[in-house]
Amino acid sequence: MKSDIKSERLAKEGKLKIEWARNFMPVLSLIRDRFKKEKPLKGIRVGCCLHVTSETANLVITLKAAGAKVNLCASNPLSTQDDVAASLVEDYEISVFAVKGEDNKRYYRHISSILDTRPHITMDDGADLVSAIHKKRENLAKEVIAGTEETTTGVIRLKSLEKKKLLLIPMFAVNDAQTKHLFDNRYGTGQSTIDGIIRATNVLLSGTKFVVCGYGWCGRGVAMRARGMGANVIVCEIDPIKALEAVMDGYQVMPINEAAKIGDIFVTTTGDINVIDKQNFLKMKDGVIVANAGHFDVEINLKALKVLSKSRKAIRGYIAQYTLKNGRRINVLAEGRLINLAAAEGHPASVMDMSFANQALTCEYIKKNADKLKIKVYKIPEIIDKNIARLKLKSLGVKIDKLTKKQREYLSSWQLGT
Amino acid sequence: MKSDIKSERLAKEGKLKIEWARNFMPVLSLIRDRFKKEKPLKGIRVGCCLHVTSETANLVITLKAAGAKVNLCASNPLSTQDDVAASLVEDYEISVFAVKGEDNKRYYRHISSILDTRPHITMDDGADLVSAIHKKRENLAKEVIAGTEETTTGVIRLKSLEKKKLLLIPMFAVNDAQTKHLFDNRYGTGQSTIDGIIRATNVLLSGTKFVVCGYGWCGRGVAMRARGMGANVIVCEIDPIKALEAVMDGYQVMPINEAAKIGDIFVTTTGDINVIDKQNFLKMKDGVIVANAGHFDVEINLKALKVLSKSRKAIRGYIAQYTLKNGRRINVLAEGRLINLAAAEGHPASVMDMSFANQALTCEYIKKNADKLKIKVYKIPEIIDKNIARLKLKSLGVKIDKLTKKQREYLSSWQLGT
Amino acid sequence: MKSDIKSERLAKEGKLKIEWARNFMPVLSLIRDRFKKEKPLKGIRVGCCLHVTSETANLVITLKAAGAKVNLCASNPLSTQDDVAASLVEDYEISVFAVKGEDNKRYYRHISSILDTRPHITMDDGADLVSAIHKKRENLAKEVIAGTEETTTGVIRLKSLEKKKLLLIPMFAVNDAQTKHLFDNRYGTGQSTIDGIIRATNVLLSGTKFVVCGYGWCGRGVAMRARGMGANVIVCEIDPIKALEAVMDGYQVMPINEAAKIGDIFVTTTGDINVIDKQNFLKMKDGVIVANAGHFDVEINLKALKVLSKSRKAIRGYIAQYTLKNGRRINVLAEGRLINLAAAEGHPASVMDMSFANQALTCEYIKKNADKLKIKVYKIPEIIDKNIARLKLKSLGVKIDKLTKKQREYLSSWQLGT
Amino acid sequence: MKSDIKSERLAKEGKLKIEWARNFMPVLSLIRDRFKKEKPLKGIRVGCCLHVTSETANLVITLKAAGAKVNLCASNPLSTQDDVAASLVEDYEISVFAVKGEDNKRYYRHISSILDTRPHITMDDGADLVSAIHKKRENLAKEVIAGTEETTTGVIRLKSLEKKKLLLIPMFAVNDAQTKHLFDNRYGTGQSTIDGIIRATNVLLSGTKFVVCGYGWCGRGVAMRARGMGANVIVCEIDPIKALEAVMDGYQVMPINEAAKIGDIFVTTTGDINVIDKQNFLKMKDGVIVANAGHFDVEINLKALKVLSKSRKAIRGYIAQYTLKNGRRINVLAEGRLINLAAAEGHPASVMDMSFANQALTCEYIKKNADKLKIKVYKIPEIIDKNIARLKLKSLGVKIDKLTKKQREYLSSWQLGT
């Protein structure tokens, strides 16, 4: 079994981490128990390009329990937990190609290694694996039954491919499952972004002006938690409906160039580029903190910042302090990469539990329906979605009501009135 | 001009109310100004079955300014503001058939009066008007170009008709516009339900166990505001995904029969029947308060409650106190009808501003596209939706960002990666 | 029995109101039951100058049950509930001198009527009764055993008297009891101020800029609830420590003259004069709403506003719309008087339950300790305070922990360390 | 210069940490600038027993700048940042006796080392230094001008000494300054406790039952922030007034033995012993998390837990997992020591800024008033308190209002009335 990881000797610590995460992933555990008996993925090669964390470990272990042959590489050069990678290789005999802090060249070599295994199913977090197939290894596409995609960003890319009729593979937008994006993007990103910022800086959020760029699910999660920590939140948006929602939620809304003048902390969650740009940096106060919670490290225009700066100094673990020519200092966290994965531990396990339950059940669905799939971007079947919610509630000990026969009838009638 | 209202002499007070509401309806005002010039509804008969409030008044005035012939009846026997009705008749020369507290017979006679005018466009709030056409005046359908529907409840009924292939008229689900349901159902119902309960009871919400049945947009609005007033909120649901969201939002979630034992205040927001039923009443503590914020007065099973009770006593304006045979007292607000309209003034004008801007612009759209419409339930065109949000932000003095060319390109590309 | 009220015929409705309030005043009810047996105030004349509401009714009924002879006048010309006054006279045989909307002359005549009864105990809400004694009826002081004062404002006045050595009577600062000011001023004023503003205007709070002047207990209650309704709250303060707390609580803090430019709604809660003054009105946007939640109607400088205005128009029940010479309109609620009492029903009964339990138990304490009292401003004995909290928890069905013997020992030791 | 630290080689990293913290301590920086010129502590030996963190470093540097001779030891065996200690020794020439994880013997030896320097002023965080003087080095007391105490816990111990007439030294309760306990205990402990729990466990707080024992300033800070992260908070209390406040703030309140059955996460913030005790552990669900945010590690009865357990296993950095004989697992964080200092970085710098500004200015006050001090527990003079708030607001760029002459007059008058 080939692998490329930091060091096998980290396996012991990694194993404890994986087991700790498992405690908070009861839904995935129930699925794994069933998969172990039924082996629904027997003979299937799954190529995964995911953040190599203790939660992901539990997903790939589940896939392996289902009979799949799993190969894993990182979906981000900074997000790998080296000890987890080691344990997967040593304790679970899963091939892993991922080293925290790897350079771009090694990162893409790792993606290649996964493609070399000729996967039947691809699993992406940002669409890098499937993009690589589309860009330079088109011949692999015919062997791929279907792929799954975890993120908003990735789904945007896939839909762009689909629209341009360039898509080669049936794809499942796991991100669009309700048990995924309603929870992971909001509660997961919300908490872990705050966590990442605090770990990196130990700044008191209470009383700060906290600017959130983008009021999608991630953005509103971050805004909600920042307010929950006592910050005075300002939202920047380009969509009028979302902007209006932010206003109605009690936040100040203004263009980024206005927010730049008064903010203490800035977080980008848009999926777009140059959200914080040259003219914004020039407006900022001395000592501000700038971080990104979007998938790619393109949201903060670091190139522009470098041009504006006379010096750059590393402070603490994840802080680079740029001193502008105007004398003001701007503290950029984690080089503008995903702050929650870089400086903290990514989404908590109990949120990933549902996202990855979607991944696991979608793999099973792909295998079962291999013959019927068309080349398009699919939604996750609603039955999978609701089933996961039901399992999660059960694991939390929460009971809910059921419709009575009479109530069901009423809902489907149109004649009953005032 | 025929009308049936309480008394013309109330017109003066009603006029002040209508003008006061207008202050908070800047979007509709902008539309009215344009309609006055362009007369896009010239020659069109619009039959409206809506809550007769000061906000609705501004809508029908806008339609009239557009050249329409407007006739208005109530969509709920308790929600009419008699002074507003009077002013519409006296000051604005619009036919109104609505008297607060009218009995069922008069209510349906008023609906008939509207149908007698042979509307080209129907406008519903709960689908009573369009249901009447489907039930007993099918011959009118051919003259109707299309209808609009304001509520979740009404849209459910229309979709049921559509599914059963019984729909006779193209219908527009105004409720499903984002600038409608995201705002009206959540912020509007949220505030006005709390307002209705406090006006009816003057109860301190802080520290109470506040049970919300249903965690749709209305339910989460009510839950959010009840918490905002210091209540300890409990949510009851039948949908596992919504239930899980309520858990993640920090609420307790449990079946209604458990909540019945500990709740101090109960509010239903489900669109279904018998949400609070016989067995629940029997579990309740002495002195609880029960109210409905759903469209119809079917959510609280009052028939069952009457059977369980040994006496019923009217207290204050909107409270009926039932004393059960077990000695405990249950205070039902507004006979289980919409509490925010019965005991308070319904949604605030600034929320209705957007809902009714959708109504007005959809009427214009129906007229323009009369030839192309099919018999189905339509969504509101996105361009109308975003336009309304933009006008609202403008009226609030809120500026937002625009995508740069480069950002737009990035969003539509698929090749840019890590 | 002499009285001066609006009309005896309102008694029936008033009686229902008093009984409804009683449901939410379990602590006072327990005290009344005991007083009825023990008659601790036998032969005592109590002169009360309080807001004549259904909650106050329950207090004076309790005092009467204790054997006292009670006379009641209003502590504010606008806050009287005429039906409650009628019921007190008709059903409970208590003298009342209070008519909603009475002019200043009648207001002071009513205070005189109370003084004419030569009270042994005075009970004030704003210190008007006791001020009248100090100003012009000093001879009455010698018969007064002691007085109680309900409000922050009143206590400030009493301490000023005490400091200047002009105080003639032992006074008890009921306001300073924890079960009073922590609850009444914060949760009571918080909810009822929001309630008053919504009843008067039906404005949607969500998304408004809501300016709170003063961040004492009342101000933070109002700010907390306004935020809870979705407003974007701005705080104005003169005390640096309170201002800093407001910042840390996530609010914007700025001088009133800055807030004047951007606010949509303004509420004063300071206890001081001219908090919103001439130069502020000139900065305000068109259509703003201005209200007062402080005790006296001096916080908004209406005289200055009148000078600036070219017209004044009554709109709806409690709104006076001033049109400035600059064309902008300012809507003043309830003539700048206490908005929660004028436009709503004052504090909810369950909050007044504790305030008035303090009043009742303090009267008993005064009688018992008549010989020992000195001429000074007293705090409420802690044992009364804690006892009330305990009774309230009991009535809510809430159980709490008790210190074990070992825990008590630990707390009183100093030797135990790291 | 004598010292006992982990390693001088950590100095470089420590220096960066100290400088980073300084950015968030503008008030202390202003004081240091003045002290550098005025040297108000010239010739004074200050013995400090404080958490050795980057914030404390800035305090002792400030004292040294004032001309004092400063010696520092840890106030908790687990809270020392070894790199900061190294930098203080290497870069700032301050004696430090502190090693993270030191055993009890070494801990007390370090306290002795400080006492050996015969301090003029003692500075405590938990009263260990001053207790040592009272227990076994009474002879040192006569040289001590006065001491300061940072914590609630310490102040309780000092007041116990004072009450028993055993106090030997004038002491200043820095904890009781408003700019200390209103901010540090609430906002500081609130955020850093949440931070510590997340760093130790990466648990998702959203949707958990989060039990807070104690609703003092620390407890309400933790409760507020836990709710802000989406948890469903349950409060346990022994004081009826605080319990009632928690109810009114919308939390569930119940005895710990009830909460034990349903909680997912437990935090103690009481200052008392055995708050979570044997019978509570037996009620807990499998997999719960238990942490302490109170000063001493006595709040969770670990001895009792050990007796109940069949095994104990270390998981991740700060988690000890106890498996009870009933099979359920209880995860105790940081051995029951202060979670925010052990697993996170203690209070953020901007909160300590104010606490330590109080410490610095109180030292100056002690020196100036050395002759007048009596042996008692002093409050911090109000002028110091307000001055610090003013400096903090200034550093945040927040402006506030000033009373006009007329407003000041009004507040001090008693004659103005309704």
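Going by the order they are written in, the chains are A, B, C and D; count residues from 1 in each one.
Rule of thumb we're sticking to: a contact is a pair of C-beta atoms (placed from the backbone, for glycine too) under 8 Å apart; a residue touches a chain by one contact, two chains touch by 3 or more.
Since the structure is predicted, the reported quantities are computational estimates derived from the model, not experimental observations.
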| item | value |
| --- | --- |
| Which of B-C and B-D has more C-beta contact pairs | B-C |
| Between chain C and chain B, distance of the C-alpha-averaged centres to the nearest whole Å | 36 |
| Distance from the mean Cα position of chain D to that of chain B, given in whole angstrom | 52 |
| Residues within chain D bordering two or more other chains | 187, 206-207, 227, 230, 247-248, 396 |
| Arrangement of touching chains [line / ring / star / complete / other] | complete |
| In the complex, chain A residues that touch chain C | 206-207, 227, 230-233, 247-252 |
| For the chain B and chain C complex, residues of the former touching the latter | 16-17, 19-21, 23-24, 187-188, 190-191, 194-195, 198-199, 201-207, 224-225, 227-230, 287, 315-316, 319, 344-345, 347-351, 396 |
| For the chain C and chain D complex, residues of the former touching the latter | 75-77, 104, 107, 126-128, 131, 134-135, 156-158, 160-161, 164, 166, 178-179, 182-183, 186-187, 236-241, 243-245, 247-248, 253-256, 258, 271-275, 296-298, 385-386, 389-390, 392-393, 396, 398-404, 406-407, 410-418 |
